[in-house]
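So that you can tell them apart, the chains are marked A, B, C and D in the order they are listed, and the count of residues begins at 1 in each.
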Amino acid sequence: MATTTLPDPERLAACAREIADAGRDLGARGWTPATSSNFSLRYDDTHAAVTVSGRDKGRLSVDDIMLVDFAGNAVGTSARPSAETLLHVQMYRRDASIGAVLHTHSHNQTVASRLYAPAGLIRFSGLELQKAITGYTTHDSELDLPVFPNTQDMPELVDQVDAWLDAGKPLHGYLIDGHGIYTWGRTMAEARRHLEAFEFLLAVELDLRRLRA
Amino acid sequence: MATTTLPDPERLAACAREIADAGRDLGARGWTPATSSNFSLRYDDTHAAVTVSGRDKGRLSVDDIMLVDFAGNAVGTSARPSAETLLHVQMYRRDASIGAVLHTHSHNQTVASRLYAPAGLIRFSGLELQKAITGYTTHDSELDLPVFPNTQDMPELVDQVDAWLDAGKPLHGYLIDGHGIYTWGRTMAEARRHLEAFEFLLAVELDLRRLRA
Amino acid sequence: MATTTLPDPERLAACAREIADAGRDLGARGWTPATSSNFSLRYDDTHAAVTVSGRDKGRLSVDDIMLVDFAGNAVGTSARPSAETLLHVQMYRRDASIGAVLHTHSHNQTVASRLYAPAGLIRFSGLELQKAITGYTTHDSELDLPVFPNTQDMPELVDQVDAWLDAGKPLHGYLIDGHGIYTWGRTMAEARRHLEAFEFLLAVELDLRRLRA
Amino acid sequence: MATTTLPDPERLAACAREIADAGRDLGARGWTPATSSNFSLRYDDTHAAVTVSGRDKGRLSVDDIMLVDFAGNAVGTSARPSAETLLHVQMYRRDASIGAVLHTHSHNQTVASRLYAPAGLIRFSGLELQKAITGYTTHDSELDLPVFPNTQDMPELVDQVDAWLDAGKPLHGYLIDGHGIYTWGRTMAEARRHLEAFEFLLAVELDLRRLRA
């Protein structure tokens, strides 16, 4: 499926720099503890650039980014992609407008995922920052972030996301129980804005629970 | 209304540098998530320099600041000012001593706005840092921070602020429910001191609620 | 009382550098919000170098430090010393071994002062970090941090501290209600270690209250 | 026991640089307050490089690291090793695969140690980050972190750890009540990953307690 000339070294390096910049910033916020988390950028219609498994996501270099096809197979390298690569390529396959996918593992994401797993989702409403999610133009709206059960079986996780999307429900990100968040955007900038917005919304929601207890 | 020679490029650049400095510092504290927040400086008796809409408030450059008149219209540029510009110019119009207005969107500001919206205000008392608000000389005083309902209709927000001021009640800042804070000062330094003081007072108030629950 | 040759410019500059270093570090931790806080170093048997009133304590320069005598009067300058200077010189007067006094205004210090003001003190026990206070060699001890009522009348605050010391009770620092902490040491390094230890102990104590509620 | 040529200055300096790097990073996170904490690296089959007592662990230089034998005696220096050196060499003695030991003193470590001391351990389950501990391949597992009573008598602490290990129970780290954490790894990188993972897991566990109260 992959041609022998893939990847173009300069293009992959450009992807790597953009991913490493994001990683440095997100790592500095403490959202990528203990080599967790992974990031990707769309490379073309059938490939994505993703982080190599097990690297410190706050200190990524060009060698820490590799090419995969949309089945999750390494292309032009013997490196092993991040374990959750299938969840990245799923989004690129299903939505041609998606250009970047981010998975992080912050304190608030993990705590919220544990608390809201029984309900299956967190519903945000009345918060101005909902407008940071593309398509939302007012705080007077409802924004749902589903929480899927965790499993070490990636195809099972892929199926859960497919089922949500196949039901026609809007999806801008999701939590995995005990694990972290996935979110995305047309560009890395938009994906980062969405991630920053979800983190903020989760922190507010959790703190209101503490204060209203 | 605006003359054809406005703005003076050097004067606008000087305003932009002062605003960008504030933005960098406030962004580093996490008070401007996901391109939220906006800042302004009085330019003259009928104009203000404000942030252009949608920019990352932690990395502002000279091109991210523009001139508006006190009706909120862009002057000498086709850029679009921040959505809440009307709330900035309102303060300059009503009080000739005001030289800078800051709107941020911190975690504590948002959480407090949700909790105190039903009461309509937060009353601080007994805290030494109330003295950081100009005019307060003792902790043994009451400092009110109103919480106005949120709306995407800016003139409605303007009316709420006008109503408070027209009632002759002291006003050093206000929260908008689910949204963030507005505060101001004669200079950028004073506006920043007021912002820092309100953030501190809100954090203390929220934590005392958690601890006294 | 003060000779006409005081202060020696080089010696005062050396004090100023040491105070500014402490201020930069403590300011970066967020313990000196909105120009609050003040710091001092013993200059000689009857004088101390203290911060000038109203300066940003995170960005102190040589010009922001001045000399005072132990009655709190400015020496060799028309600058105004920090409002709480009397509380600094009191410690130098009473204990010849004290070389540095720090007053900060952190979130935890303020919150704890409000909560424990009715009891008049916070008692730490069982925490290894009590050993960071000079003279404590085991966690199996009791360390009292008194909380004095706040007043804008400095001599009244001085009297409260004198009364505690005159009663022969050990004193390594104290809180003022709604205000912040005072602590000290033989050197600036020891004063900073004491401050860091009290901040840590207060944070732990408050969090245990939240968790045991 | 130690030969007269020990330590090799270059080899000790290399150890010191690796320890100082870890210290700078861990100090910047606030996990080494007030000169607490200590770090070590295996030097050879019978020696370890450890931090000298009382130094600021966030600003270690080559002179702040010394050699000890596995009885905790200084080798080739008159410096005094960190008080808890016996707890470091114990791990090197008992497990030849251990190459680095870290002891820190974070807020969460201290608070959790106080809360879980009566139970004697904290059990983590269902959290993806358990996989950051070498040997754990799924969140669907149980990871125990024991909490031992504190004492100023180091041999007594050593005996408590020996008793746990002699019982054949897995041990990847432990808390001492009111004090902090010990954890280790085959390399400094692994020890740091384990430390970061335990800190994250403790923070999540504590926050879930706050939220479920």
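Here is the rule we use: a residue touches a chain if its C-beta (ideal position, glycine included) is under 8 Å from a C-beta of that chain, and two chains touch if they have at least 3 such contacts.
Chain by chain, the UniProt names read as follows: A, B, C, D = Methylthioribulose-1-phosphate dehydratase.
Quick caveat, the model's predicted, so the values are computed rather than measured.
Q: Which integer distance in Å separates the CA centroid of subunit A from that of subunit D?
A: Here subunit A and subunit D have centroids separated by 33 Å.
Q: Measure off the straight-line distance from the CA centroid of subunit A to the CA centroid of subunit C, and report it in whole Å.
A: Going by mean C-alpha positions, subunit A sits 47 Å from subunit C.
Q: What positions in subunit A touch 2 or more of the other chains?
A: Each of 210, 213 in subunit A touches at least two other chains.
Q: Viewed as a graph of touching chains, is the assembly arranged as a line, ring, star, complete set, or other?
A: Topology of the interface graph: a ring, with each chain touching two neighbours.
Q: Going by the touch rule stated at the top, which chains touch which?
A: A-B, A-D, B-C, C-D
Q: Applying the document's contact rule, which stretches of subunit D touch subunit C when the two form their complex?
A: Those in contact with subunit C are residues 33-36, 105, 107, 110-111, 114-115, 150, 152, 176-180, 206, 209-210, 213.
Q: Going by the contact rule at the top, pick out the subunit A residues touching subunit B in the complex.
A: 126-129, 132, 137-140, 193, 196-197, 199-200, 203-204, 207-208, 210-213
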